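Handing you this structure, nothing more for now.
Read from first to last, the chains carry the letters A, B, C, D, E and F; within each, the first residue is number 1.
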Amino acid sequence: MQESLLGQGLDLMVYGMGTVFVFLAVLILVTFAMSKLVVRFFPEAPAQVKTIKSTSRKPSSAVDPRTLQVIRAAIQQHRARRSR
Amino acid sequence: MQESLLGQGLDLMVYGMGTVFVFLAVLILVTFAMSKLVVRFFPEAPAQVKTIKSTSRKPSSAVDPRTLQVIRAAIQQHRARRSR
Amino acid sequence: MQESLLGQGLDLMVYGMGTVFVFLAVLILVTFAMSKLVVRFFPEAPAQVKTIKSTSRKPSSAVDPRTLQVIRAAIQQHRARRSR
Amino acid sequence: MNNLYNLWQSSGIAQASSGQVLMLVICLFLLFLAIRKGFEPLLLVPIGFGGLLANIPGAGMAFSATEYAIRHGDLTLLTQMATVLQLQEWSSAQDLLAALNGASFQQLESLKTLAFSAGYNNGMLYNFYNVAIASGAAPLIIFMGVGAMTDFGPLLANPKTLFLGAAAQFGIFATVLGAVALNATGLMDFTIADAAAIGIIGGADGPTAIYVASKLAPDLLGAIAVAAYSYMALVPLIQPPIMRALTNEAERKIVMTQLRHVSKLEKIVFPISLLILVALFLPDAAPLLGMFCFGNLMRECGVVQRLSDTAQNALINITTIFLGLSVGSKLEADKFLDPKTLGILVLGIVAFGIGTAAGVIMAKLMNLVSKQKINPLIGSAGVSAVPMAARVSNKLGLEADPQNFLLMHAMGPNVAGVIGSAVAAGVMIAMVTSMAT
Amino acid sequence: MNNLYNLWQSSGIAQASSGQVLMLVICLFLLFLAIRKGFEPLLLVPIGFGGLLANIPGAGMAFSATEYAIRHGDLTLLTQMATVLQLQEWSSAQDLLAALNGASFQQLESLKTLAFSAGYNNGMLYNFYNVAIASGAAPLIIFMGVGAMTDFGPLLANPKTLFLGAAAQFGIFATVLGAVALNATGLMDFTIADAAAIGIIGGADGPTAIYVASKLAPDLLGAIAVAAYSYMALVPLIQPPIMRALTNEAERKIVMTQLRHVSKLEKIVFPISLLILVALFLPDAAPLLGMFCFGNLMRECGVVQRLSDTAQNALINITTIFLGLSVGSKLEADKFLDPKTLGILVLGIVAFGIGTAAGVIMAKLMNLVSKQKINPLIGSAGVSAVPMAARVSNKLGLEADPQNFLLMHAMGPNVAGVIGSAVAAGVMIAMVTSMAT
Amino acid sequence: MNNLYNLWQSSGIAQASSGQVLMLVICLFLLFLAIRKGFEPLLLVPIGFGGLLANIPGAGMAFSATEYAIRHGDLTLLTQMATVLQLQEWSSAQDLLAALNGASFQQLESLKTLAFSAGYNNGMLYNFYNVAIASGAAPLIIFMGVGAMTDFGPLLANPKTLFLGAAAQFGIFATVLGAVALNATGLMDFTIADAAAIGIIGGADGPTAIYVASKLAPDLLGAIAVAAYSYMALVPLIQPPIMRALTNEAERKIVMTQLRHVSKLEKIVFPISLLILVALFLPDAAPLLGMFCFGNLMRECGVVQRLSDTAQNALINITTIFLGLSVGSKLEADKFLDPKTLGILVLGIVAFGIGTAAGVIMAKLMNLVSKQKINPLIGSAGVSAVPMAARVSNKLGLEADPQNFLLMHAMGPNVAGVIGSAVAAGVMIAMVTSMAT
């Protein structure tokens, strides 16, 4: 530990804050570029939107399909039991 | 091990059973006292119930849509079973 | 390692494949025998089905009251929220 | 040809001991009881199946790397191990295995290093046992889940019933004496730690029994857990004759006043009060009762529903699976097939009977001094075995008077019995540990 | 009679230190805040209860086997331990406990062996702490779950708001300087590692704070976690005065343009892009941001809904229970009742304040150079405290103009603040580690 | 200034090796396949992301403390480590890393102590790997979940189809010979353990492949797992040409008799019977088949629905997340970028092809001796790859005759293939282990 505690604190402040800003600035640039590329080359055309959605909805309907599945399974079980 | 096994067994019996009784007796007293205090100083007045609810609700509100879904599924299950 | 790698490979092939076949052959025999025994001595007669149910339901009926409780609790929560 | 001989040598039939075959039959019978007869299936299915796995000849799924190395290692390795164990004379692997019981911590560590160096590994069930039970974690997590499922309302409405839960613990301590007496006959060789672990069967509470056994008598854990869960399943057969013998028709017809409404705040404050009492008077019961109170507080406080749900479902189910398999690993033939097991089974049922009787008698004693009469049928529920014992009280009550519903009244002593057993467990662990040193 | 004396000796009252009693009161107060006042109950209920358990006198649930052995061992054992620690002069167990802090890894291992050999075991909470926090696993798993719950849509629609999330991290580093300054006054004795761990409270992000504290200052972890979660709950009280002081009516009425629609593909590519940037420029932040991005990718990719659901529910709930109890183990009196705790509480709230101010000021600076005006009220959301801070921005916006809904606009800086804190955490861990050697 | 230089030094760009960059690209491609092409996403998303994390330059998330210390330690530490490893001459950290492979258990323990003493820690993914895979736990838990999801009904209705599941395992053993042959060419350097681990890819069963690879060839685990899951996803492309080439139109039109009803009791008894056979004849397959049978018994016994649900959902999902990340840790550049990986990929697809062919040919052979004709298209389902391979059989059957639904008939050999692979795995682990000593 050659430096004083104060020096270390200042170092942390300067380089830390600097890194946070530089990193997030780069992230902004990359995000802008990524969005541009995606919107340009892979636009969510209505037709495509639907196909994407049909896949992508699986998740956002989130619990839905599984719940449905569970319900269906439960109903089947139930019927099975009844018909036993 | 200075004591005989029988002595140890008797010790366990006497002090063990004693502790169980004394501890639960104290618990009875504390529970009586606690209930008295609660009923006296924090009665479940309709008005106060609502304010308690409003604070305790913030966190649980995060769960809202899922809870509803669960309820619905549960009710369906329950009905299905009853109609068995 | 007295054997050559090739010898080891051949050994694996011969004894491995042999074991797989023999084991699954035995499993076929056992499965046939088991099915025969079950169908013969424990047929799924309607009458017996009911007695099975009554025992097998005990456990699932264990979940029943809890499910009910959950539903009740959920409904209370839901109502409480709505009445906000 | 050599390979074929090796394959046959490694087959189960060639390696099976008669003990293992007997244990396979016993475990199949446990599965039969669980699946067909509904004996506490949530635990007995994993325990029974774990027992099957533990007794597969040659698989060694319940062995530590050290045990496995001793059984399969070559002479060089065994000689090194004997040196570590400071055995002057030994003729077989059995001698080494026998010496493991008395080995010190450092010796065991050295043996472990030798075994791992030679390429041996712990069996899967041994790992499960270490992580789930030896650490104490699984019984405590299940106790937390049980806390999250427990409604203290009936107890809070009538705290006097805590005395019934206290009295029923007499079964535990009477059984300790019984084990000591059995030892005096010379038929079996129980230490005071064994006796305490066996007694806890009378607590009629699975996780408590497993927790105590893992601390005081790990070798008896398999038999103790099997006895505890089996007898809990048999409560509807064990209790009624005792209850009928100790009560008359008039007593069984006593109608109890309806339970008062218990407020939300009382339910929140109760687990905290209980924990503080534990902290002040009985720190030895802190792990068990602490986790129990934590689960109950999560349930009642109303602001951590997510956590409470998980504690009651995913977490307790996952833990149950591994707890069951781990208990099953103690059904390994060498450990289970011991005269002690028979003693445990006999003493266990005696413990249940005495606990039941003590609960009923305590209820009758309380009626002598108290104006508000208690139906003595709810005394038997003090053994815990939640909610089976309470249902038995209710059933016998209805037999005497078809309008007299005792279920909710019996839930009070029923959950009191859980607390009582945990207190007894804490006292016994502390006393036995100090006796042993 | 001897037994009765032993029982009394082992009771909590006889063993309680005043520190433990004080801590029990403090933990009850934490539970009160969590349950009655709704202070981040998902964490503060387990933390508060864990603190109660850790301070039960005589139970030693938060002690390692070594600590427990030092407190309860006999003279022979203590002498052996002192030899291992190379202590020439020592008069009490306290001297040995004090020497543990400076012990080397090998010394600690030797002590552990001594303790286990003598039959002592780790307390339950100590085990939980080791598995959940010392390994780093629990905060990372929670971060994964948070990632699976986070919608980056608002951020992707307006990436500039990342600057607000960057600016608000100023609170972290200003607090580091504050801790250094407090050290200079001589009132407290903080190392640079302590200062960094305290600063991270200003990140307003629980798992990040716990992760950093566990790496840099484990002894302060309890106070840091309690401060972080308490102040996050207090965001609706802490932030508004600062926000009002730094903005005028016209600024608060700025209406922001509606956010554009963000496509599914952008949401899938974003976590991967972020991870690649981390890989290229900031490997030190890889554990935190890696797990965060993994959770978010599971959410957005749409093909692993099972895993995403589990990460958001069963897994995060289970982890939260054990994380909370483990943090509670650091509320053990000897560690928590230290002047440093007071410093941490003061510095923590300063950090929140400075972070809030920096966010608002950055928004005003951006308005100086940018045509598209930003309502400076959303700057304060950059501290993270998701979603509380964004709701505060929204509330103050509605006060100024009842038609101006800022919630979605504030969600951008809000999640940016999470990324910013994780970046700051990575930088600090790397820099402090290299400073310490 | 020094700090700025340090920061740059610690950035990923400065530390990246070309291998790591290549691996990042490969892992991104895996994610693309998983997300966009639907290649077994439940496993390949975590594996691909784990691979990204493992290859972040400088982060060392997949390194043990020892590996990390060797890469970042100072000369003193490296000299100490070289002494432990008994290296006379060494010039760089690479020499030490190379020496790790041949180190004994005690040497590795000493190195670990040195690394921890110097303040280094295991990376997160390394810890995950140890807990989830090296212990063997995760593949077994997943196998339990698969058992709980498996319906043996179709197999019980037509047990003969077990032969198809047996025949398809020919792919495994043929590939072992292929690997041995590749070794003979001098192009690659496979041991018999490597060959066996590669062969198991032909089992078309993910957890079995991971389990075997973790026991026999941990360094190849990454490539083997990736190959196994990728080819399982490619089953609809790999199998049809082979199936068409080996069958004629008439054979493809064979209509099979409807499956008989299977009673509940048969389904309960089957997993127990299977386990008993394993116990008697094949103890080496006990871990895999034991957990599989346990899962199936929980499903069918009907009295532990809670446990069965958890095994099929929360538990298997949690395990999958950590298993995937752990496998990803083996995609670390130094281990994955090896000529062997290419060999593994080639041999893996050959294994699938041979297994498919063997299944179809076995079906035709059975038709020569049996009266009840089997449509040979269901033979290919014997490779497992549940339920993909059965669906392929069904699809080709419908192409030949739009009324001929083969799905349920193909489920029999499909689940038989799972049992067959597990048997093959057990045999290979036992034989290879005895060969190695």
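The criterion applied here is as follows: a residue touches a chain if its C-beta (ideal position, glycine included) is under 8 Å from a C-beta of that chain, and two chains touch if they have at least 3 such contacts.
What you see is a predicted model, and the numbers here were worked out from it, not measured in a lab.
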Remotest chain, chain F as reference, centres from CA atoms: B
From chain A, the most remote chain by mean C-alpha position: D
For chain C paired with chain E, centre-to-centre distance based on mean C-alpha positions, whole Å: 44
Distance between the centres, which are taken as Cα means, of chain E and chain D, whole angstrom: 38
Whole-Å gap separating chain B and chain D, where each centre is the average of the chain's CA atoms: 22
Chain B-chain E separation of Cα centroids, rounded to whole Å: 30
For chain C, residues that touch 2 or more chains besides their own: 11, 15, 19, 44, 52, 56, 59, 77
Contacts with two or more other chains, residues of chain F listed in rising order: 3, 7, 264, 281-282, 302-304, 306, 314, 427, 431
Residue ranges of chain C touching chain F (in the complex, touch as defined): 1, 3, 5-6, 8-13, 15-17, 19-21, 23-28, 30-32, 34-35, 38-39, 42-44, 52, 56, 59-60, 63
Footprint of chain C on chain F - complex, ascending: 155-156, 159-160, 162-163, 165-166, 169-170, 172-174, 176-177, 179-180, 183-184, 191-192, 195-196, 262-266, 269-270, 273-274, 277, 281-282, 302-306, 416, 419-420, 423-424, 427-428, 431-432, 435-436
Complex interface listing, chain F residues touching chain E: 3, 6-7, 10-13, 15-16, 24, 28, 31, 34-35, 38, 41-42, 45-46, 49, 52-53, 55-59, 61, 113, 116-117, 119, 124, 127, 313-314, 317-318, 320-321, 325
Of all residues in chain E, those that touch chain F in their complex: 104-106, 109, 135-137, 140, 144, 268, 272, 275-276, 278-284, 286-287, 290, 293-294, 297-298, 301-304, 306-307, 309-311, 314-315, 427, 430-431, 434, 437
